[in-house]
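Right after this note come the structures.
First chain A sits with chain B, and in the next complex the same chain sits with chain C.
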Partner chain A sequence: MSKRIIGKDFKKVDARDKVTGKALYTRDIYFDDMLYMKVKRAPFPHAYLRKLNTDKAESLAGVVKIITAEDYPDLNKYGLIYKDQPVLIGIGEKMHYMGDPLAIVIAETEETAKRACELIEVEVEELEVVTDPLQALKKDAPVIHEELSGLLTDRLDKKLNPANILCDHYLEKGNVEEGFARADKIFEREYKTQHIDQLPLQSEAGVGLYDEDTGTVKIWAATQWLHDTQADVAQSLGLPKEKIRIIQPTIGGAFGKKEDISVHIHLALAILATKRPVKFSYTRKGSMITQSKRHPLIIRHKTGVANDGFLTAWQTEVIGDVGAYASSSPAVVHKGLYHCTGPYNVANVRGVSYAVYTNNTFTGAMRGFGTAQMAFSYDSQMDLMAAELGIDPAHFRLQNAYEIGSSTPNGQILTRSVNVRKTIKEVLAMTEGGK
Partner chain B sequence: MKKRGQGMATIMFGFGYGEGFPDHSIVSIEFEDESLLIRTAAADVGQGVLTVITQIAAEILKIDPDLIKISQGDTHLTKNSGSTSATRQTFFTGNAVKQAAEELLGKIYHYASLEFRSNHPELIVKDGHIFRHDDPENKLSYWQLAEIVSQKGEELKSEASFFPATDAPDAATGQADNVYVAYTFMTQKVEVEVDTVTGEVEVIEVNTAMDLGKAINPRNVEGQIEGGTVQGIGMALMEDQVIQNGITLNPDLTGYLVPTAMDSPHFKTSLIENEDADGPFGAKGVGEPSMIAAAPAVANAIHDAIGVRFYELPITPDKIKKALKDKIF
Partner chain C sequence: MKITLTVNDEKREVETSPTTRLLDILRDDLHFTGTKEGCGKGECGACTVIMNGKLVSSCLVLALQADGAEILTIEGLSKGDQLHPVQEAYIETGAVQCGFCTPGMILASKSLLDRIPDPDEQQIKRGLSGNICRCTGYTKIIEAVKLSARKLAGKGGEEDE
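Then we have the complex of A and B:
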């Protein structure tokens, strides 16, 4: 059936407002009597907070209020999947990375709030910093979080240090030993990827107010999942969900960075404490240091292939740098693992992945969610195998690519919409025409 | 010397949360003044979900898309649409809108058939109106019909939830029958030019074929592929947030390099539309798969150009110069 609108280059419905400047982004929203806030962050990536003196900051003209953990002792930790991130670090508690919040400063202007942050005096007891997940996995590594993760399985390798592991995942399909025994060539390689910032044009910002009539905190902040953010803010503050209302302004890009809580809880606290409208904007620098990154992954592949060009076994180990807090890590690292063979048929697969805490900025969601790093590794692996076997790389891919009935590393049988071979043939047709 | 090379990569991406997590989107549609209001909390981060659902509703309900309004996302006025992540909005919210629109269309036929003392096969909907095929002049607009329905104490509106189930993988083996709702596939072949003196890599041309079921909006899909590929080129060649001993050394756009329009290659894109997936009109998600082939394709092309394989990203000019030096001694 022919369609009138589906499949057509229909103009984006929000294009006109964005191009003409009519679209309202968070920072475009103003209220009378609005206050501004900033957060004082950790001065050291791994340390106990010993003293926090806000006297000088409080005496600065224009400072309205400073909030520390002492003022709200009952706040709950937050996080997208596993709630391990504190709202404010209290005296005697530990900071785990440079973005950890020590105090919320509310002032008449943004500049005053910033200057007041600089006047807050902090004393810490420095601890050894762990930035390499391989070091964190060792038995003698400094422990980052005192509490053992609730996500660990009983399969976890006893040689590793469970204290610094957030979660472990496994793949076991067919029989890899038999698969490697049938291989004519075996390739073992290690791949490494880097920390990447999602870098949406718009960095984190929120503005909000207290609605006296309903006793509701109303927040305008760009977020990728309104209802999840609402739930996390509410549980963290110990309020009913209905008392937290989040409204979506026009979003200036996200790429995964706006899945996590950023301004929301601190902003809600400032609003509740002052009962006045408050605006909170991150700088680019603040955004880069405090909010999530793409995971650096260490990926080790061992792949077996027969001389006829068919893959016989695929074994993968993944070590992901979680940084200081879980964020999306309990989903990202093993999603990478689950895509370890790419779209290629392998009957025998074994895999393991570890998400490992460090004192780096926490890692979370970013477009690709672990599979971008994995694709770099598996399709480099495919390319080097093709070269070693003397097979054309396109034909090597074509020969091994999925079709209807193929089984993924998870053992999911693909029953429909598997046209990967067609994509290879199509690209060959597109490029051969230009030769 | 400048050396050219070609490289390809073929990728897959299982989309939606999958793995047994409850994943759904709720949408409602109602008539309001002169327009049709779609309520959804789906976040449009620039990818175009609001455009896609406008197209879907307009297609099903046969109305002018300019008459469609979409409510602002608001936890107190819209129901959960799930996150804009996991390449899921066209599939999940798209399907929810399609279901809600179909339910509303069914109600339009039902109530109109009472007014026209007729039955469905004798009725036609066109441009936001419904009429008997043998009496096209005597027509009711949807808004007139909504008014008639409300006078009966009933409402001409609909709500739908798209909520497919997936299976949690076994903890010990990762095995399960239905881990992700569907998979998107893509192949990219790129041509690069490597400057062996400066170590700089320029991506010249990118050819892409994507298996996406159906492009609801082909230009938006091409935008996703081009933007995603440039993001992947950034990952391959330059982006690196350096954190040393817990301290971020380059927390600004002077020290953190990201591709600009000047780094953007020439694109040729082919969309493979078999309309064979469970998304609206056979569509699959494209957001994330569009970015993940670029890094391996560029790495493979660099190998083709200079004979060096890199196992660590990003492949910076320094690494290339060092590798070429090591190769010659």
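Then we have the complex of A and C:
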């Protein structure tokens, strides 16, 4: 019997549990004596926290505990690639977006926790809000993070404001000046994309307890990076990794949104503070305000084409809206840049990308990791160029498309599985374009 | 306050408050956790149940409205180990991915097939228009409803795939 699996139909192993409602997702897990928690979030996207009064909230019947930064002064920042996200905003510290956490409220019921959050009095000193990365790049723009990013390179353009840049990346292949000199026509265009929420149907949730025997915090919560989540929770709390256990229940969709820490650290704090089981569920609105989005990218392409229809040079600038915290931005914006020419041969390429902080909700991973935005831009560029040159867009693509031996903008030589020409030909054969 | 409701053919009494949602009664009090919360605003259909024969978003039904009602949740669809034909069809067509929309989607499919035993594609789309799926792109789900219709008509359907 053949052991080949690919190309055969199999029933999904957990489908039966899912069609009968037996599959356990995070919120389906209940413990006796379980408490519920909510997090009080920032009332303004860019502001100093001046006062936080929890007296009224604490006196509400059913409230068990309220935790603020004052209770845990030694918490470390967290993040997937660059640790710039605070666990709790303390008095005198700055909030950078509407999802920033000010206090953790633990209560006997979810409703009580929610009402107690509303009773917390917050005083802030509002600062100018920056929502446009182009504004953030200007020298006179308000500074979002007080510390300079540790990811900046020496090559950074001196005309830009380094205070609001998380990272810069560069691409150089061949000689772009020579390439443009050989071009008969040069096209310069700017493309913009918008925020998109990944919107998995299950919003973020966690449930956990303190295991007295081992002194371990056990958390059931969906994550796309089980071990990274465990390590990040541990380092933020200053605990050894073996004191944090993350258990993956059935996941109700993720699409990149569950790569980041969400409920995990706050839940661990609540469990440690009460030594009781605690459940923490985001509302859909909370999920949308607090957790990552697909990056809005500003993409500027300058492309040189010779009269024979071959691409001679391609120059790209990418500006990515990071929002308030790094998340996967250093990788996503960089990866977008690497795909700037799409599947088309160009011998001479130059590129630069900037991941730029704003006071928007942070951006992170979503299906394609920066390449979906780039695909929209390079294929729009190809269409617009074909239209202006009066040539067939499909054949323009076919003429320039990758084949075995082609090299990508970052110099990778493609040695196998390069089917773009075959794909274009098959699509043409299937459509009227093949006429 | 106390309400009485019949869930999956079993009469239940629940001590609750007037503002509690049917969704919370089903999940937190009675532990029918197959009913999911996706948005809490009646937009996504993950919390769909059948109440008095009609499809409802249980996040939009308050305790008082559910007093005396007959409710069918996903847990009540199969009889023992015997899956309902719609459940079988969802498994066989690969219409289940993350599964979070699946209970609501299956109940919406059943409700549609109760009214229209042999729906065309437009009727299927309209019948499922209150339920959002973020994984499948709906193609397999529509196939599942078509297969369900054949199964319910006694045609088995396996040979058609």
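Just so it is clear, the second predicted complex is superposed on the first by the 426 of 435 C-alpha atoms of A that agree within 3 Å, B and C clash if a C-alpha of one lies under 4 Å from a C-alpha of the other, contacts with A are read in each partner's own complex, and residues count from 1 in each chain.
The definition used in the following text is that contacts are C-beta pairs under 8 Å (C-beta built on N, C-alpha and C of every residue); 3 or more make two chains touch, one makes a residue touch a chain.
Every value quoted in this text rests on a predicted model; they were computed, and no experiment measured them.
Enquirer: Pick one for A:Y30: touches chain B only (first), chain C only (second), both, or neither.
Expert: So A:Y30 only meets chain C here.
Enquirer: Going by the contact rule set out at the top, does A:E190 touch chain B (first), chain C (second), both, or neither?
Expert: first
Enquirer: After the superposition on A, what does A:G253 contact: first (chain B), second (chain C), both or neither?
Expert: It touches chain B and chain C both.
Enquirer: Kindly classify A:H339 by the partners it touches after superposition: chain B alone (first), chain C alone (second), both, or neither?
Expert: A:H339 contacts chain B only, not chain C.
Enquirer: Counting touched residues of chain A, say whether chain B or chain C comes out ahead.
Expert: B
Enquirer: Looking at A:G21, would you say it contacts chain B, chain C, both, or neither? Reply first, second, both or neither.
Expert: After superposition on chain A, A:G21 lies in contact with chain C alone.
Enquirer: Should A:D383 be classified as contacting the first partner (chain B), the second (chain C), both, or neither?
Expert: Touch partner of A:D383: chain B, not chain C.
Enquirer: After lining up the shared chain so the two structures overlap, which partner does A:F369 touch, if you call chain B first and chain C second: first, second, both or neither?
Expert: It touches chain B, and chain C stays clear.
Enquirer: On chain A, which stretch or stretches are contacted by chain B in one complex as well as by chain C in the other?
Expert: Residues common to the chain A contacts of chain C and of chain B are 9, 11-12, 14, 199-200, 251-253, 255, 284, listed in rising order.
Enquirer: Mind listing the chain A positions that touch chain B in their complex?
Expert: Residues of chain A touching chain B: 3-14, 44-46, 97-98, 129, 131, 153, 155, 169-173, 189-197, 199-200, 222-228, 230, 241-242, 244-248, 251-256, 258-259, 284-285, 288-289, 293-294, 331, 334-335, 337-339, 342-343, 351, 359-361, 365, 367-369, 371-372, 375-380, 382-384, 393-394, 397, 401-402, 408-414, 416-420, 422-424, 426-428, 430-431.
Enquirer: Please name which positions on chain A make contact with chain C in the complex.
Expert: 9, 11-12, 14-25, 27-28, 30, 199-203, 250-253, 255, 283-284
Enquirer: Show me the residue ranges of chain C that touch chain A in the complex, using the header's touch definition.
Expert: Its residues touching chain A are 27-28, 31-41, 44, 46, 73-75, 77-78, 83, 87, 90-92, 94, 96-103, 106, 132-135.
Enquirer: Over in the complex, which chain B residues touch chain A? Could you list them?
Expert: Touching chain A from chain B are residues 6-14, 17, 19, 41, 43-46, 48, 50-51, 54-56, 58-59, 62, 65, 68, 70, 72-76, 78, 80-86, 169, 171-180, 182-183, 185-189, 207-211, 213-220, 228, 231-232, 234-236, 239-248, 251-253, 256, 258, 268, 270, 272-274, 276-278, 281-282, 284, 287-288, 291-293, 295-297, 299-300, 303, 309, 311-314.
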